[in-house]
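Each structure below appears as structure tokens.
Look for subunit A in each of the two complexes below; its partner is subunit B in the first and subunit C in the second.
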Partner chain A sequence: MTTHNKRIPTQHIVGFIVSITLTLVAAWAALQSDLSVRWIIIGIMALAIIQAGIQLFMFMHVVEPESQGGHVPWNMMFHGGVLATILVAGSLFTMSFGFTHDHDGDGHNQQQQQEEHNENEGSTENSSH
Partner chain B sequence: MQLDEFFVTGEPLIYAGMVSIALVTISMLFFLTYYKKWGWLWREWLTTVDHKKIGIMYILSALAMLFRGGVDAMMMRTQLAFPNMNFLNAQHYDEIFTTHGTVMIIFMAMPFLIGLMNFVVPLQIGARDVAFPYLNALSFWSFLFGAMLFNISFVIGGSPDAGWTSYTPLAGAAMSPGPGQNFYLLGLQLSGIGTLATGINFMVTILKMRAPKMRMFQMPIFTWSTLITSFIIVFAFPILTVALALMTLDRIFGAQFFTLTGEGMPMMWANLFWMWGHPEVYIVILPAFGIFSEVISAFARKQLFGYKAMVWAIILIAGLSFLVWVHHFFTMGAGAFVNSVFSISTMLIAVPTGVKIFNWLGTLYKSKINNTVAMMWALAFIPSFVIGGVTGVMLGMASADYQFHNTYFLVAHFHYVLIAGTVFACFSGLVFWYPKMFGHKLNERLGKWSFWFFVIGFHVCFFPQYFVGLDGMPRRVFTIIPEWMPLNIISTVGAFGMGVGFAIFVFAILYSYRYSEREKTGDSWDNGRTLEWATPTPVPFYNFATLPHIDSQDAYVKLKQEGKTTFEEDEVEPIHMPSNTGQPFIMMAFMFVSGFGLVFEWMWMAIGGLLAVLVMMIIRSFDYDEGFHVEVDEIKRTERSARRL
Partner chain C sequence: MSSHELKTGPLEYRTEEGRLSILGFWIFLGAEIVLFATLFATYAVLFGRTADAPSPGELFEAKTVLIMTFMLLTSSFTCGIAIHEMRRGSVKGLRNWMIVTLILGLGFLGFEIYEFVHYSHEGATLQSSAYWSSFFTLAGTHGLHVTLGIGWVILLLIQLTQRGLTPKTSRKFFVIGLYWHFLDVVWIFIFTSVYLIGMVV
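Up next is the complex of A and B:
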């Protein structure tokens, strides 16, 4: 038990600081930057991929020569991927499949959706009181 | 902020609540000081990392929460039996059904089961503690402080009132201003940290710390159900964490994720909530299935029938649990195709569940049943749960669901599965493992009284609700029409019957503490099949002096045949154990402070609390305490006295 020497966990500290920085950059991109929406989305996606990489390499034993990669959590990575797919595809499927808001095809569907929403909410509001 | 905005005022019932809280607190402080128990409390409980003590603390907290949720329930039933008495007004009723649901699911059912897991699982697999004892203590304190944060809402700031599902836009800042809904968000967020950590902890414990040579398919079934539950927790809880964080951003920092304005999508909350919420119901039912399997096989005195089928059924249920969430909001109007997909996946879950029911019946078939209280709870579970399950399949049919949705039919269904499943299992498991925990059994006669009051009360309370639901009575209403009166009064009588049952159970705990015979052997029921019964009672803090080699299912049955024990004197070696630490308690206390600050949007307090948490994390990161070794002499002394050698 005494073979552990009191070394500073450099890798973990670097990973911790970098992951917080990436989060702050993402928040800045969304709140403060002058980028267009498209580039904000692309930027945040890119940051998310880097973030996942940081987690895997700094904390999750993906590179670990001393165990010949024996601790790589392939199983969990696979299941995590499956779950993320269910989350995203499932939400898109339930929240948008079969809803037709773009009645006249002029591309303003988002605004229209919002208006419809407000109307619907308004009417249920009224009927319940 | 004025003091009368801080405390809830104007409700006599809440004043009574305040007075009782003050009295209980003062008397606890008095007794701790008078009997000089502060040091004992700190050394033995607040700083412990022992999985057995943490398990017991989980169970005691869960019983307190069961009391709180039960009082909420009886207040609602009183209001519905005498709607003209104005016992509760609409606002107060809304608050009470919200806290009843949240407390029962998040702060009663889960902690109760996690408490049993904590106590039992390391003993069942021959481990000396969980994989991460420090993290385990952290989990418990995060749950307890989360629960406290949620529970103080009814006297300070006002309770949340948007239902336990907290649907937006109702739960958003525009329609529910004030701290109430923030208590829900932060209380759940705080205790969710602990649950997630528990999931990771048990996953690693079960995968890595089994006794030498114990294969996966030789693990006791409760351990299996805990393992699968841990997987569900690890995959489902992050969804809740993110959803709660998004709504917190909405309410406190003016974001627009679930709002009506600013292109928010209110239904997205329901979608995310149930993506966590459906796996959540399996988080509370799978361990219950595990407990019933253990109890039934112990008191039918047979090996569990269809062990492998049982395991695969649990795995299948866990997988399907992530594919059915839309059945909670069929009426959102996602369209026939979407609803059909989820309708079919929902009905599929009935198949593995049916397999389990037949396996329990198969275990009971031609067995000689020991009619103990633990077994009675398990026997009552089977038919009651089947009623709940069958009505669940009815609700799963999307087109029919448009009729049942939001009525008492639904209320009856989920109480039938959650009470007959989870609550019966909690009672059954607690009675079953009670001698291992406390060194004496619960009084069987009082146990039977409590059982009959509770089970009959349960059916009298909830069976009529199916019919009043089919008659169109919606859930979450505080007043009713005359046609629904008779069934509602029957329901209320049943609810108070359950209350009496619970009171007798609590009395049985006190009575047994005083009068029950102390246990002399470790195998309290004489027919223990799994390793926990191989330990002496009370269990030494290191659990096993020597670890047995396991080469069969029902390990203890084999050990008994071979005349082996978990104390082979010539094989004893020093045991490495973790040190106690107060850090988890302190860290989570700061987290509580931070959460409380966020609830009232006092940013100085929230940020201050978080900084203190960060400091605690740094202290922990550079903490090189490697624990200590228990010497061979001490182990031998402890074991000899515990085993009366």
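Up next is the complex of A and C:
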């Protein structure tokens, strides 16, 4: 038990500070910055993936020798991630790619927005990592 | 199971049953990833199809969403501290930090309910349009998971006062910890791909 007798949970505190910071950066990028919509979406999705990694490694004990290396089924987690990617990217590709949902035929800017959204939405898969 | 019992290491890993339960819970989380992936895919496909209902950009409030995000992030942190205290053998620390986690979770739920009621007053309900159906299904499924998690923690806290820290109760707390962190991961993606992108586009 020696490794767990530490009074101060440094790893958790670091993870918490980083996740709060990343949230603030994402909010700033989306709401205050002058970046283009495309770069905002790419940037904040990347930040979300990093945050998910922090939860997994700093809080969820995915790497832990005490479990004798057997408590996380890596193949299952990888499988879950692959399925999530196929579901999200595949749905967007088949249902929305290059398609406008404007029924009157005069909303050009809407189409553009939709395309920009589509291109980046695929990265939602990462809830697994 | 006790034939494999270890004498050292965290209590939840000492029995084979404990290790297998934790492994099984990770497999459950893998299935949960796929569940949420279907909802995210539906949301992404239906994005923009608001029909006559208000658009997300008109309704989403950055302040409310940020408060909710910070509450959930903090609750994930306090839940991690609770498990840390559990591993130090402190029942009191585990209980107190879990209660803080509960309060933050309830606060998050309160804000989410307020938010949904507010949207429905503005004319965006589950029936309003394809977009709002997918939004309420995605955010609502997450909210339902949080609600279940809160009930689960309350039951475990009762069990803790009755039985104290045993390999079984520690394993149960470790598993609820994983569940709670997982909900935080899902929320990060809802926050980013639903709220932030909804306010940007």
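Quick note on the criterion: the second predicted complex is superposed on the first by the 65 of 129 C-alpha atoms of A that agree within 3 Å, B and C clash if a C-alpha of one lies under 4 Å from a C-alpha of the other, contacts with A are read in each partner's own complex, and residues count from 1 in each chain.
The rule we apply is simple: contacts are C-beta pairs under 8 Å (C-beta built on N, C-alpha and C of every residue); 3 or more make two chains touch, one makes a residue touch a chain.
Quantities reported herein were computed from a predicted structural model and do not represent experimental measurements.
By the touch criterion defined above, A:Thr10 reaches neither subunit B nor subunit C.
Residue contacts after overlaying the shared chain place A:Leu83 against subunit B and subunit C alike.
The wider contact with subunit A, measured as residues touched, comes from C rather than the other of subunit B and subunit C. Once chain A of one complex is fitted onto chain A of the other, the partner contacts of A:Ile41 are limited to subunit C, with no touch recorded for subunit B. Contacts of A:Phe93 after superposition on the shared chain: subunit B is touched, whereas subunit C is not. By the document's definition of touching, of the two partners only subunit C reaches A:Ser19; subunit B does not.
In the superposition on the C-alpha atoms of chain A, the part of subunit A touched by subunit B in one complex and by subunit C in the other spans residues 1, 4, 6, 9, 12, 79-80, 83, 87, 90-91, 95, 110, 114, 117-118, 121.
Those residues of subunit C that touch subunit A in the shared complex are 8-10, 13, 19, 22-23, 26-27, 29-31, 33-34, 36-38, 40-42, 44-45, 47-49, 62, 66, 69-70, 73-74, 76-77, 79-81, 83-84, 87-89, 177-178, 181-182, 184-186, 188-189, 191-193, 196-197, 199-201.
Touching subunit A in their complex are the following residues of subunit B: 169, 231, 235, 239, 260, 263, 265-268, 271-272, 275, 322-323, 325-326, 332, 334-338, 342, 576, 621, 624, 626-627, 629. Contact residues of subunit A toward subunit C in the complex are 1, 4-7, 9, 12, 15-16, 19-20, 23, 26-27, 30-31, 37, 40-41, 44-45, 47-48, 51-52, 55-56, 58-61, 66-68, 70-73, 76-77, 79-81, 83-85, 87-88, 90-92, 95-96, 101, 110, 113-114, 116-118, 121, 124-128. Note for the complex: subunit A touches subunit B at residues 1-2, 4, 6, 9, 12, 79-80, 83, 86-87, 90-91, 93-95, 97-99, 110, 114, 117-118, 121.
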